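Multiple structures follow.
Note that subunit A is present in both complexes that follow, paired respectively with subunit B and with subunit C.
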Partner chain A sequence: MAKLLDKQRYKCALGAMQTVQAIHRALPILHSGPGCAQKLSDTIGSSGYFSPNIFPCTSINEKDVVFGGVKKLNSTIENALKVVDADLYVVLTGCIPEIVGDDSGEVVSRFEDADKPVIYAPTAGFKGNNYKGHEQVVDAIIEQYLKKSDKKQKGLVNIWADVPYQDLFWLGNIRELEKLVEELGLIPNTIFGFNRGIDNINKIPQAEFNLLVSPWVGLGNMKKMEKKLGIPYLHYKTLPIGATETSKFLRAVGKFANVPEGKVEAVIKEHEDYYYYLIERYADLFLENRVINKQFTVVADAQYTLGITKFLVNDLGLIPAKQFVVDDTPKNYRDEIKEEFKQLNYGIEAEVSFETDGYKIHEEIKNHDYHGYPLVLGGYYEKEVTENQKGNFLNISWPVQDKVVLDDFYVGYTGGIRLIEDIYTIAVQRFN
Partner chain B sequence: MAYRIAIGSSDGIHVNLKFGEVSKFLIYEVEDGKTRLCETREVQQEENEAECGNKGCGTGGCGGNQSGCSGPSDVLGRVESIADCRCVVCKKVGFQAQKQFEKKAISVFDVECDIEEALEKIIFYYEKIDGHESIRRKRTEA
Partner chain C sequence: MAINLSNSNVATRENRIGSITGYVGTLKDLASQSECGTLKGCSRCFSQSSTCLSTCGLGQLSAIRDVAVIHHGPAGCSVAGANAYYMSKVMSKKRGVTSNTVYVGTDMNENDTIFGSTETLRNVILEVNKRYSPKAIFVSSSCATGIIGEDIDSIVDEVKEEVGVPIVAVHCEGFKSRIWATGFDIADHAVLQEIVQPPREGVKTNKINFKNFFESARPEIIEIFKNFDLEPVFLYCNSTVEELSHLSESLATTCICGTLGNYLGNALEEKYNVPYVRSINQCGIKGFETWLREIGKVTGRSDKVEKYIEEQRAIYIPQIEEIKKELTGLTAVLGMGPGYTFEVSRVLDELGIKVVWALAWHYDKKYENGDVPPSMKYLLDNDIDFEASVADQQNYEVMNILNKYKPDMYLSRHPGSTVWAIKNGTPAIYVADEYMIFGYKHTLEFAKTILDAIKNRSFEENLAKRSKLPYTDWWYQQDVDTFLEEAK
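And then the complex of A and B:
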């Protein structure tokens, strides 16, 4: 029998149009029904030169279901190349054309000789969610655009993190990761966000290694690049938030890139000194508030659930209640991620559940004894249930309704401080 | 269940007429998987249709340009004449006509191909959706 999924936290694979949008001057061309882009776009932060309202779309209808939509796709690509000035065109297919059997790959291959690169990613909704779609787009770039380079740039490292727009803090996070890597004396290269685009994509093959900061999203891409482009990768599973994890992260990257230990430690010391200076000054606030929030729960995708759990336990000394990973993590990655939740300081282990059904998550939150007011970090869906429990709620994952983030971030030492500010801003509001 | 398909063709082989050009529709009937040409239906040339192009003809349309359309009244008669069909297949179908067909839940297929090919694809499609089956096809068959 068909199952009903309550409050799902992701979109269909075609949501990868946001991944394309995050690449400066890259344009998605949609082979889908009319309205797909409208539904998949977020209401904030996606207007601009290319926005979902102007993405070229074949707007296929009943006729194309019966007679096939390849003709329309051909003319849509042809005209997009004529009228929209972009650096990279990425054709994305929705469910309908893939069900009726349009050979979109063949149509796209007709544009091999076009002045600008046109590539194609199959992102039918039934193939998976937008985390998968994101991987498909990166795969398409690797397979159809990039070529192996004999020339390597010393110290150049490609950084990959979680899904743009799906991750509220994607832009700030990736910039901060760049900054940290740069401090180690390496040269970061990323393809997402302002001033990053086709030139950065072109630089990918020259990198000494790929750095993936994500529990699972993008791992397939790393393996593909290793095989095709001969670029080794470092998979760092935990999004480093706060001093404990960020220092571990810098040591791991430093070791992988053969950065002298002394240099790594000097960078860490400088950051930690300032970080703990701040923590020390506000220790009284934290101690008082521990009475309020004895236990916490994170409801987010794998990267934030893992990253924030580690941060709150290791850096703030809070106790984890059950944690929820809601991104429909593929089964083969789950055990490894579960293991990570056991690697917490003071011998603490967190229970984690890979659950996509919001109703079940809320039932568990309601029925758990938090020994006081709960602290819940999650999507907007968790606001009401937390308030009913008289708990403190912070919106950190999709969907986001009560927060505007332009380029704020939670990654690194500074990111940890930002997260502390956000959590305790909410905690102190209770009394004022 | 039996249904009818209206096709605009001058030679009985190709779908080669625009909706407005058709004087005789070929009406095919599909019943129990069998298809037959059951009639050629003449379209009555309507008065206001003949007049079309005159300034001020019709109602509710855009009379702004001299040769322009004068709203749905142009096509109502034509649409009505094949209102018993499930879909209409012509080389081109204008906006006004499409909207009127939409109102009557009649599908419009504006394609240029052989009648045989059109019938085959349309019948396959209706067979699947009537039987609540997936229309998924393997690429090689498409």
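And then the complex of A and C:
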């Protein structure tokens, strides 16, 4: 049901055009109003090989609303294949064609014999947010493009993480996850970012298993691949940030993939040695600054709220105030995610609220006793409320206005160090 | 025009003033066809995405201080709220004021498209009113709510008394018009309907309404206007509802962009006899002087204006003439809204730069008063002609043109457009700030900026060398009008 979306944190399902955009040489074709792509794009970091302002679009008008837009969709796909050089064309439908009843699937099926693959994902804005839209696009690839493979490549593992572009650090994170998995002697396969595209999609069916690193996004895709392609999956709920969580992550992946324990522990030791070399040098900053207090709040999607909470508690010894998950997590996943917030050192449990109403979140931040300056990691909306409380604010979740990220990341050992750098860069700019 | 403020719907630019988005030909042909009424825009059987009129309409309204915009639709429509929040914070901070403007959505889902959600909308309006006590409330539709027939007008009427501040329905269905500038008219219409009041009796003022986007030249214009004993009221960025309620009392209305200010200017003139300054805009030398003189004429301050022009000419004209020597002979392609394309073409001509092709993102055959836009008229009167097309930011057409003409520069005003030119190896100048070519001073700066852009082409070359363009060879061999179809 409709609700008050005050300080909104996500886009609609059609926002999945960014998921397509993240696959190199994959082109979204929008069957939607003329301005949907522009609205759903991010103003910076979008000028790649394709950019939202060149996505082919049927630009539905009043006549199409009355008479249907299938003819326009047909000519748009037909000419997109001629004009734009892509490896994969993904037709995404917006609100209008789905309300007026255009049979977009039928139009797309006319292009089955085209030189390049054309697939279709129903992503009407009212069907859900862009987290759901992301899953719809991956589903479309599984259902309409991939075929089961009898041949498996030894050690090949498909890695899936959260939503490109919605996640500021998507590119850096997925590359770092690849590196970590590779160090265990496995062969990572991902479909997003530089030099990852149709060839990687083609390799998906040959993988020995899927690795999903996300509290909930993509779980449906994993089940679908298990059923259709016979690929088992490991669902690792916590985005591993910092030494404690990354070592746990490596052990879990190693165990699932039957990597010898000795090898896993050797990888962990090398990383932890360097990590604590850095931490030891900067422990003075963590202990002896006058502005970072023990209590913190994260306002982000499930992956960062959970991942950062575990990092700050288990690695840096901070104490969680209330945490907020703002991605409209489907109700059936919430209890399991809540349980994860109880898996913290010293039996510490973080209270977590699934809340999409920013006003209520701000009221809770204002009313919480942080015993000093609050540390708030959140969307741009939390900047003012934190500053009004003389707190420290870091913009880590959408919307982002305070940070430019090209390929920085927070995942893994190195990612933990990067997050520490960001937090304390804020801290050193002030004195009490 | 006849504006009807008793209805919350505004006719689209296509229907009201015959605006088009598809044409390829020459400037003279475009103008003569519009004058004799034979101009029919074309549609395209292939197009790339452009802009939603709600972005323009609600972007304008959410720039007003301490108001609430309620965007009734799926989360993708109200996603503009995130940027509106940011803009409202940074723009008010820059000006040294505060704004608590909120822009919320209703996160409409599939059930709502079947059963409707006007009850939720009513509760949302009341809750937002309770939380933020806005000075005015704008309730907007979206494509989805428009098609299923949500009656936002009735809801607005029903809660009017309870909220106790101006509240108005704003019809922003994105499919209504391919011309996003229709959104500007929609915003003006909403402001005229519920906020602007008839002039108070006995109030004397030296105020002049100045419609612009982001008021970057505000301090400078205030100083200029002091010379004429005029006080500009900038709209809508950082406006207050109180200020807007008195727009009908001003001496005149002027604007930085005809496309932006046309509806409000004409409506204030028609309804409240506030003269609308109709002239070429303030870009370049001729534009600045013509505009100032028109203001002098309309407000009875011609002597003061002439004195100012004389002083300023002495300072700037020699400098502009000097730099013109270095620019003469360069070629340019430009792509902008029609409120700028033909204005900037004139300035490029003044600077000695030859326009080889001009794209306007749309074209208004006539302005609300029935005249051909002044910027067009000027070019025709001065026998300036070049190839021209009308395309709603169709980048593949721009790239086709740049590839054929290989100009020395591409000038554009819209996000996401300049990058493509530089990937083609063409230096690009992003004329984003509406005051970038304002008056003598900024015309000089603009000329210098062009020179800088032409001088060091390293960035363009570095990127162009290493990036592959996404368009096929086939497309580059086609005529730019390949996908245009006669409008039916």
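Just a few scattered comments:
Keep in mind that, in the parts below, the second predicted complex is superposed on the first by the 424 of 432 C-alpha atoms of A that agree within 3 Å, B and C clash if a C-alpha of one lies under 4 Å from a C-alpha of the other, contacts with A are read in each partner's own complex, and residues count from 1 in each chain.
Here is the rule we go by: contacts are C-beta pairs under 8 Å (C-beta built on N, C-alpha and C of every residue); 3 or more make two chains touch, one makes a residue touch a chain.
Small disclaimer: the values here were computed from a predicted structure and weren't measured.
Once the two complexes are overlaid through subunit A, subunit B and subunit C clash, as defined at the top of the document.
Using the contact criterion defined above for the overlaid structures, shared-chain residue A:P240 touches neither subunit B nor subunit C, since it reaches no partner. Shared-chain residue A:D102: touches subunit B; no touch with subunit C. Look at A:P215: by the touch rule set out above, it reaches neither subunit B nor subunit C.
Touched residues of subunit A were counted for both subunit B and subunit C, and C has more of them.
Judged by the touch definition given at the top, the superposed model places A:G172 against neither subunit B nor subunit C.
Of the two partner chains placed by superposition, subunit B and subunit C are both touched by A:E62. Touched by subunit B in one complex and by subunit C in the other are residues 62, 65, 99-100 of subunit A.
Per the touch definition, subunit A reaches subunit C in the complex via residues 1-8, 10-15, 27, 30, 32-41, 43, 46-47, 49-62, 64-65, 72, 75-76, 79-80, 82-86, 94-96, 99-100, 124-130, 328, 356, 359, 380-381, 383-384, 398-399, 401.
Subunit A makes touch with subunit B in their complex at residues 62-63, 65-68, 99-103. Remark: subunit C residues 45-55, 72-83, 85-86, 89, 102, 104-113, 117, 120-121, 123-124, 127-128, 131, 142-144, 147-148, 174-178, 180, 392-393, 395-396, 415-417, 419-420, 467-468, 470-472, 474-475, 483 touch subunit A in the complex.
Listing the residues of subunit B that touch subunit A in their complex gives 107-111, 113, 118, 121-122, 124-125, 134-139, 141-142.
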